[in-house]
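Both complexes shown next keep subunit A, but they swap its partner, so subunit B is in the first and subunit C is in the second.
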Partner chain A sequence: MLRLPEFEYAAPTTVAEATRLLHERGTKAMLLAGGTDLIPNLKRRQFRPELVVALHKVEALRGIQERSGRLVIGPLATLAEVAAHPAIRSQYPALANAAAMIGTPQLRNQGTLGGNLFLNTRCSFYNQLEEWRNSDGSCLKAEGGKCQVAPGGKRCWAVSSSDTAPVLAALGAELRLVRHDDERMVPVAALYRDDGINYLAVQPGEMLTEVLLPVAGTWDRTAFLKLRRRGTFDFPILNVAGAVKFGAGNVVERISVMLGAVGSTPMAIDAQKLFAGKPLDNAAATAALQTQAGKRATPLPNTDASHVWRKRMVRVYTARILKELAT
Partner chain B sequence: MAPKTEYAVIGGTETKVDGLEKVTGRTRYADDLSFPNMLYGRFLRSPHAHARIKNIDVSKAAAMPGVHCILTGKDFPIPFGPLPISEDEHVLAIDKAIYVGEPVVAIAASDEATADAACRAVVVDYEELESYMTLEEALAQKGEAIHPDHRGGNVHKEVPLEIGDVEQGFAEAEYLREDVFYYEGNTHMPIEEHACIGVPEGIDKVTLYSSTQNPHYGHRLLGKVLGLSPSRIRVVATPVGGGFGGKCDTFSHEFSACRMALLTGRPVKFTLTREEVFYTHRGRHPVLMWSKIGFKRNGKITAMYFKSFLDGGACGSLGVASTYYTGALQPCSYKIPHYKFEGVRLFTNKPVCGPKRGHGTPQPRTVMETQLDKTAVDLGIDPATLRLINAVEPYSKTVNHFRITSCGLKECIEKVVEASDFRNKWGKLPHGKGIGFAASVYMSGAGVPQYWNNGPHSEVTVKVGRFGEVQCLTGSTDIGQGSMMVHASIVAEVLGLHTRDIMVLNGDTATTPIDLGSYSSRVTFMSGNAALQAARRMRDQIAGVVAESFGVTADRIEFREYKVFNADNPEQSMDWPDACALTESKLGAQSSSGNYTPPDLAGPYKGGTVGPSPAYTFTALAVQVDVDPETGMIKIEKVWCAHDIGFPINHTLVIGQVEGGIYMGLSEALLEEMVYRKNRLKAPSLLDYKTITVAEMPEIETHLICTNDPEGPFGAKEAGQGPLLPAIPALLNAVYDAVGVRIDEVPCSPDKVLFAMEEKAEGGAGRYGPKAFLEHKMTSKPVRAPRPAEWENGNEGRMS
Partner chain C sequence: MKHMALTLRVNGQDRQILVSPSKTLLEVLREDLNLTGTKHGCELGECGACTVLVSGKPLLACLVPVAQIDGAEITTIEALGGPSNPDPLQVEWARLGAAQCGYCTPGFVMSAKALLDGNPNPTRDEIKEAISGNLCRCTGYHKIVEAIENVAQQQQVSKVINAVTIASRQTTAVEVRD
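Moving on, here comes the complex of A and B:
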């Protein structure tokens, strides 16, 4: 079998202990939650941490509870737990659906919500064995060579492949990020940067300790759609998340739509400006939203399926998310 | 539900003899085996598609503690290949590497991590050469040929064949069509990665435990390449966790494990990683095809001219046979009065292609069945009827001289039409929904072995012990298809026992007699016949002794329900163990042997040995789909299949084989592709190489058509490969019925469907596929053969 590289291993039992280790080791340390992505990536030598900090003994990071009218999800809650949780299913079905569409049943039992939010960006030139990557040039993200997807440019085009990120961003969820000596709250949308390598806007030594959903009733309807070629197993090659609050007369009061997996970051499309005060089936607004989404999305040939087709699907799925929100 | 039969075991639904240990995880596959002092082997593979090896420096690796053995190409100077006519492989690359992933250095160390680290410490100095990654590049050959000593350069094999006079046939046609089609390559993807262990034994002897379909061929090749008498080599096939043709060849890891075991005196295990399985490959050839076919207005075929270009990858493997197979079976499902075939296989700098389930026939079958569908639309004849008009008949000769015996093609077609309500659905479902039809033919075993010899193709020994224990010894291997159950069922039926009473020992060149292997859908037919003969001989031996004690003649003795008794007076009986003990006391140790050699059925022309089989199976299949017109994505709603099995040895096994074949066909049709980025395989992983999953599998309704083949054991024919074939064209035909576009390319991915729909909406043809065929002038002498006598005077092949 493929062997893991050598690394030091720590399994702290408290957040304080974990953040202290992150503070001491800086970028040389990596967190291990469910491991469903980290372990295969390590085997492929996509990175070589000095220290792997396993979180499974930190009980404080588990569980889903209600606090002051908000659902608070521990980052170690498994995707299966999120998908099955009655309050999430009734209040935020988009989140439950997104979690239920990640990987396979086995992976959802092991994989965590925190892991999916922090999921490393993916690229079909990057998620390969070291020997493969180095057999014809190298990879900007892994070895610091030249980007194989867009060799002319200087940036990395690895793809944000989280299914829960666009949903939580669309919902306006917040994250509690903790460091050894302080903590802060950030909206999910602010967690990401449009850069395949430095895809997270986190400070050195920060870790996620809570995911806070908005209070019940913030949205009337939420929806999530995922494009992939098989009904299981696959990462998204496009996903769309939406949330809507209706005002009097069934017109849109607030609406939020996010695109995922067609760039290095989840992307907001400005539905609010187009739909505020209009019904969801407004044809002109829909067409404008489709155009805007099509412009925002930058699918490249570094995932499964043709990128030309994926670009086409952005328009189709943008219209479909509006229909989902309407029904 | 299996229909009731006259048999106690045959045709039933008894559980597989090896089923329980498989579903409870107790089966010991090759990688589960372990031996004291075992070393772990690992390969350093080429990072280049085509590169001269200027120097290999192993000094750092050799100095690492725990490294016991390092081999390079010069340690294996003898080239080899599964077919004696193309021995162009090396265990480890010599002088140059010819595909990314080719083994270059083999290292055995005390543990896997050390072997891995040692491989990383080897320094190989390469000089890159012009690489050939496509048919066009291989044909243009701008630099050094992949095999410089090969006479044809990058052209590995040419097959030019004409039977009858196609020009005359086309002149008689009232409707002609030409189509170009591209079928992308794909791989077997067995869930068990290849693994083997070489174990040194006695003085200069070695046993190889390996996940292999063909231990006998491996035995022969190991002797040749290791320079060792086969009498010093034993090959044991471990239970195979999926083969599909991918474990037919003898591989670098098998040769290396044996050589390293002999050199170090310690067992050496190799277990390939998933990525390495992709490089080991021997999968489906990418094939570019051109087909011209002529019809009368009434739907009768007048002639066919078929051309194929196979992208073979870096070596020959079984590619010569693959090339012939792209032209062999077209005339075996439909009556084609004149037939011309030109096949060309090219070498490219990619992992080696070879036999995958259907071996060289799914690609041409897909072209022919989609052409029939297009013809049906143009001629206004429904697709099922068009096939019935042309269907081959039982006991006939095909125009390329193959003998058809039992044949249930028409029954299969009619069964599927009825079960699927095809005629009320085709062309009548709402836009987006469609139903497609296809039929096919396949062989029950190849008529000739892979190396020339006069021996039987299958030999089986049955041994009976003092307590009534029965062993059935066969060289065949169980690759999941159920060959152990087939042998147990046949022996149990003849001796009046239950399958659990039969201990099947298989695939061991030291203890079991020869069987050529589990390929070509040959085991049930050939080894099954050998088992039947061996069991009957054993029955006769025991019947003779028991008859004497009963004072009756041997022909009055029957075997049933664990008893041996006088048919005329069932009260006069003996328990099975007592009969065995009595026989042993009279005659000594009891064993019997059976053999099977297929009749000589070769066509009277060069290449006429590829395609003849003692029996053919026929399949008809319909697929119903739902195509999303906005995305082009295809959902398969249901599959109906009728398969002419001859007679099922075990009903459940056959259904399993039919469903497995259809699964594999649908997966190829929708998703699977071995595609490259410059020199590198795009997706060598289980996640990224897409196959359909349980979430995509539709319900399959299978009907077995029993034609009782006169030469098959209990009338049986094959089930392992045939049902795959029509699934692919039926799906493409269903897509046309749903949204009106022709996808002349496999896989049929949603982008292709969508682009073809857009083209049609803009007034175009509504087709996605290659525009042109490749120009190539054959250098091989054309082979022309007369039509069989059975085709003279307007007789369409019927044997009187």
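Moving on, here comes the complex of A and C:
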């Protein structure tokens, strides 16, 4: 049996209690939502928290509701709930589709939206058992040592592998982050840092309490595409999310396109500058967007499939997302 | 580490256990409750061998710290039946040879059970989707899909027979009264 390390366990019932524990125990405490990312990581000894704070008894973190015209999703909403929710499916199909493509039915019943947003970055050298990692000096993200992907470099290239992060960033969703004495709202795009190790731009002791989608009608169409080897189980080796609002004459008024799983953070590509005032099938703008996406993406040989092929696919999927948004 | 007293409701019975919070549901089922029908495969959420139902939904027992499901209703393969009283899924699995080495079978059967409980007449695509979280390394997927389809059909047929039987009884009752 692959067993968990020993830890202290707490199951608070309120956000205040949870944030107090995070404040008191600092980096020695970790939050447990659905557990589909944290538990395998603990089994592989990627973290050794003293205290695991289970959130399942905090009712305020559950549910999906409408508030002042916005859908507000509790971070403990499971991916299955997000995928099946009628209002999400009709207003933001890209989010429902992204959630439906994560993992497997079992993992979606267990895994949460908050967990997918905070998903630890992944790398084929890092996501291994301790013995395997240490057989060749481990890596920067695990116990230190050298980067096995880019051995000369000083940075970690572990990959942002969330499917919902690029979608929520493209939609312009916001997050409510709460600390023991403080709270703030941040756009989803501002949650991430381009660093495989410190991939989250959160303050110590902060936790996610709400995911707020933009008001209905902000976008006319949303779309999501995911590249992976199998039709199930797999993490993305590339994903693309897009949202568009059309103006009079069916030209683009606003457009947002994000790439995921080809770097340590979801990446925005500046479609707005290229497409504003033009129809979505404008050939010159499409070619320019493909070039920009291809330059921005930095796939490395640290996930499934060849990174050279993944880089080529960035251009292909960038063109495809525009077609998805048009139909 | 401090142990916790928990009450788990497993296959309709309340089971009291004293465990470390760092034990998974899979470890408790197999090692504390001696319910070894649920298998351990990858233990990292990648194979589906440990699928059990928690409040009717398929989950992976290897990824659930047991303290997290205090009070929930857990259903394992043992609840479906044994050699003397097999579930229709188990009968059909055996009849078609849908189990080859058999290691993945409990997990598959639990995923199939959850599907048919919620959707008694699934399409082939819905069946494939429902078992997409279970791996069979003998690659006997066709027989597995067929077994689930057959059980769904049998249930549809028996539903019709029941309806007809009830209707005919009611007709008889009316006739008697006349």
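Simple rule for what comes next: the second predicted complex is superposed on the first by the 327 of 327 C-alpha atoms of A that agree within 3 Å, B and C clash if a C-alpha of one lies under 4 Å from a C-alpha of the other, contacts with A are read in each partner's own complex, and residues count from 1 in each chain.
We take it that a contact is a pair of C-beta atoms (placed from the backbone, for glycine too) under 8 Å apart; a residue touches a chain by one contact, two chains touch by 3 or more.
As the structure is a prediction and not an experimental result, all values here were calculated from the model.
Once the two complexes are laid over each other on the shared chain, residue contacts for A:L107 go to subunit C alone; subunit B is not touched. In the superposition on chain A, A:T36 contacts subunit C only, with no contact to subunit B. Using the contact criterion defined above for the overlaid structures, shared-chain residue A:G231 touches subunit B and also reaches subunit C. When the two complexes are overlaid on their common chain A, residue A:V52 makes contact with subunit C while staying clear of subunit B.
Shared-chain residue A:E66: touches no atom of subunit B or subunit C.
Of the two partner chains placed by the overlay, only subunit C lies in contact with A:F7; subunit B stays clear of it. Once the two complexes are overlaid on the shared chain, A:D304 sits against subunit B while remaining clear of subunit C. Contacts of A:R312 after superposition on the shared chain: subunit B is touched, whereas subunit C is not. When the two complexes are overlaid on their common chain A, residue A:E131 makes contact with subunit B while staying clear of subunit C.
In the superposition on chain A, the residues of subunit A contacting both subunit B and subunit C are 1-3, 231-233.
Within the complex formed with subunit C, the subunit A residues making contact are 1-9, 11, 32, 35-36, 39-40, 43-44, 52, 54, 56, 80, 103-107, 109-110, 231-233.
Subunit A contributes residues 1-3, 124-125, 127-129, 131-132, 134-136, 148, 227, 229-234, 304-306, 308-309, 312-313, 316 to its touches with subunit B in the complex. Residues of subunit C touching subunit A in their complex: 1-2, 4, 20-24, 27, 40, 43-46, 48, 51, 57-60, 62-65, 67-68, 111, 129-130, 132-134. The touching residues of subunit B, when paired with subunit A in their complex, are 45, 47-48, 100, 112-113, 116, 271, 273, 275, 630-633, 671, 677-680, 682-685, 687-688, 690, 692-696, 749-751, 754-755.
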